[in-house]
Amino acid sequence: MDDRERILTRIRKGLERDPGSAPGKGMPSRPEAKQSSSAAAAGDDLVTRFLEACERESVEIHTAADAAEAGDRLVGILESSRVERIFTWIDPVLAHREVEARIRASHVVDLTPRVDHMDQDTFEALAARADLGITAADWALADTGTLVLFSSAGHSRSASLLPPVHVAIVPASRILSGLEELMEKLPSDAVEALKRESNVTLITGTSKTADIELSLVRGVHGPGTVHVIVIRDTDASQP
Amino acid sequence: MNGKMNGKMENPVEPEGIPGYIPGMRVHLFIPCLIDQFRPEAGEAALCVLESLGLQVDYTPEQICCGQPFFTAGRLDASRRLARKTLSNFRDGQIVVAPSGSCVRMIRHHYGELFQGDPVWEKLAQELAGRVYELSEFLVRVLGCEDLGASFPEKVTFHDSCQVRRGLGIFEEPRALLRRVKGLELVEMNRPGECCGFGGVFSARYPHIAEAIVLDKIQDAASTGAGIVSGCEISCLLHIERHARATGAPIRTLHLAEILASGLGS
Amino acid sequence: MEPRCEQFMNTSRKALQDPHLQEALRSIDANLRTMRDAAFQELPNGEALRDQARNIRDHTLEHLDRYLEQLEDRVTQLGGTVHWAEDAAAARRIVEGLAADRGVRTVVKGKSMVSEEIGLNEGLAARGVDVVETDLGEYIIQLACEPPSHIVGPAIHKTKDQIARLFCEALDAPLMKDPEKMALFARRKLRERFLTADMGVTGANFLVASSGALVLLENEGNIRMSTTLPRIHVAVTGIEKVVPTWGDLSVLLQLLPRSTTGQKLSSYVSLFLGPRRPGEPDGPDEFHLVLVDNGRSRILADKAFRESLRCIRCGACLNTCPVYLKIGGHAYGWVYSGPIGSVLTPQLLRDRRCTSTLPFASTLCGACADVCPVKINIPRILAELRSRYADDPEWGPAPRNEQGLFRLAGAVLSDRLLYEGAGNIARVLYPLIRNMGPADTFPPPASRPFRQSHKRKSRKGRKDAHRG
């Protein structure tokens, strides 16, 4: 018997079941769990709640009526932060012609590799050199001011992690109420997950620590400054 | 057996005016060992309070200990032995009132557990659990009486013992009673429900920690400006008073019963 | 980590004399405890959530084998590898073996209590692997060669001056006064290690059985770094961390950060679903999950103790415990401190000689049970542990003088004459022994106990009645 068998046998014995019992079909039944849900709000209310929650988390908030305005906001952030090098997601929201044009016009250097295969060390080194990372968000949570980022070929984890500043452009239509709603958007099982993201990161506010005498310090490892640009126009996610 | 205070009894509260009072009502008074040996005044006061309301009070010196200190120390056999004595002493179906939260909690919540599966004693335990009360909950919830006619013109703060507040859910009752005491000014600590650090066997094993904890409690109490800390659990009060005296803190302790008996009778 | 629980008396005494520690503990009380309470006051359905969380954990434990099998199946489907370790040595061998096999020279580590439980760092170091703790608190105590003093803030007992001096000595840093400067210094130092490490080792906050996801919460970002940059990610975890579904996870995610620091959500909640997919530019190529038993299945088997395994390691019980807030974490002598430490350590170690101090390191006040997000009845478990130590030969024999003392006390209290006699003797002796040892903890006995006054009164009463 290997460790696995011994552990499972001990567990079954401890639960007073026959150690040799066959797994049986399906998982154990459970009483229907009543989720205590915050009332599902719609539209504008979600945007307002999301922005307020972001502010409480010391995230800098910006709104834009459409992709062009979002591009303007972005450039404003790049200029006021005196950014020279950026690292971004490869994503339709960022690739929107209005956004892309403004980024190009701002003369920042875009370190983002746009090749199919790059060895990871080089990829990371580039991300580490950037002053600011730009991503979209797959979802956002109004209750807590949370950004939800799924990894994929164009969606690196590093863009929202390595540079000291992170900007997330969020189409308003992607704002959900809270955690419960988000759970429905996650892969329901491994088979589905295999076709999708290997990583989902929920980002709420900035990186922080209070490990030294409980005094708060921001930007230890992750970004110390986070900006959110919410685009109200639903067309924004189309390139 | 019937105990009475010296001299004539004044009944400042007419028994018939008490919602829960039944004429001829008779209760057992359970005086636990700590009160018996270390603060008999609290026992006298409890007796006085109950009699002032017109109750017939029975006391038996056969009753010494409910077994709680042994239970919490993990000595279940000794605990059962004392529990059986208690069950026998109070076998007659009469209400039992104790000026002691820990004893009431022991009987109400743990006697059944102690005798689980025992064909005789488990039933007796459950039956007794249904008619045993801590003093303040008996007065307020059973008798429906908050004003006993007491007077005690002092500033008082109240310590919520863990066994009383968390153990029995008693929080409002002592305060309701104290607020009706003439001249009494009730002030609250920052953390009235914080443990005093006694914990029975804990303070015997780790007195240095018990002391560190109670000094915080004493400071909290003293900061209210009250000269008196009251409570429903004598072990807490003895612990607080001992260390208050040792550090010269300007507070002393009085059991709730002692305050409620103040100004009653002659 | 080598247990030192039998030193409780000495360590707790020293702790009371340590002004820096005392200040840190007061700070925990004023901050962490207060923030947790405020967060729960704000929650409209806090009680209901706690009930749900308890039910989720209980259900999972009752079917733990099934959920572990489902988890293993999903993780494997996602391209990860599941390893099972019966005990600490087996767990170490697995990780050491992986490191050796993959040519790992440096490891970056997220905070993991289980890894300290099994002595992982020492094991890897002995085989020439450089292990760097990346959580700032763990980084600090690693440099100081000290054990953690709190489940969530391991270096909470150290002052900023102590840390500044530590950085000078161990890292050649200039002497800094500002926590921010120190933290950013650590960030720079650690970034070099993140970018060059071969393997990232983490623990697990939760494992979602239905999807095979590993869930990790943090505020710094060191876990994201440790699981994004190195080519191998190894997660070491106790077998009890499983939850059945995403829905269950969302209940626990609402409770854990609030219980820990009063936050609604940690800065980062990461869900890992296997190694990176083809085409993803970053993330580990390999994912390994090491499931560690190390005594947990034995706890599971004991119905009186099973609920100990509900624990989600939030630390709320520490922050609210009157004893912990006076003596800090080191006195508990092992990885887990505070109320949950007193519950788990005796059960995991099963070494009476070492751990018999712990179940008694509590007043049984119940403050911990009031704040536990999964409603573990810690005082009840501590009382049960006390009775095992007193009565159950499987837990080791009680010291004989202790047995004798309790038997004597029990005999005296159940016999009226013995009791009254003892009381009389105590009254006589008290003035003589009042300053000696245990007598010190008792107040002076009253000159006339209640029963004595009452006896007289009752006799008088009878006489009166007779006359009347």
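So that you can tell them apart, the chains are marked A, B and C in the order they are listed, and the count of residues begins at 1 in each.
Rule of thumb we're sticking to: a contact is a pair of C-beta atoms (placed from the backbone, for glycine too) under 8 Å apart; a residue touches a chain by one contact, two chains touch by 3 or more.
In this text the structure is predicted, and so the values were computed from the model without any measurement.
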From chain A, the most remote chain by mean C-alpha position: B
Maximum inter-chain contact count - chain pair: A-C
Euclidean distance of C-alpha centroids - chain A vs chain C, Å: 31
Intercentroid distance (Cα basis), chain C paired with chain B, Å: 35
Distance from the mean Cα position of chain B to that of chain A, given in whole angstrom: 57
Chain B residues touching chain C - in the complex, by the definition given at the top: 1-4, 31, 33, 35-41, 43-44, 47, 59, 61-62, 64-65, 70-78, 81-82, 85, 162, 166-167, 194-195, 197-210, 212-213, 238, 241-242
Residues of chain C touching chain A in the complex: 24, 27-28, 31-32, 45, 48-49, 52, 55-56, 59, 62-70, 73-75, 77-79, 84-86, 90, 134-137, 140, 153-156, 158-160, 163, 179-180, 182-184, 186-187, 190-191, 194-195, 209-213, 219-222, 224-225, 228-229, 231, 239, 244, 246-250, 253-254, 261, 263-277, 279-283, 291, 293, 297-298, 300-302
List of chain C residues in touch with chain B within their complex: 9, 12-13, 16, 322-323, 326-327, 359-367, 369-370, 383-391, 406-407, 409-410, 413-414, 416, 419-420, 423, 426, 438, 440-446, 448-451, 453-455, 457-458, 461
Touching residues (chain side chain A, partner chain C) in the complex: 2-4, 6-8, 10-15, 17, 23-24, 27-28, 30, 33, 35-36, 113, 116, 118, 120-121, 123-125, 127-128, 143-144, 146, 151-153, 156-158, 161, 179-180, 182-183, 186-191, 193-194, 196-215, 217, 219-223
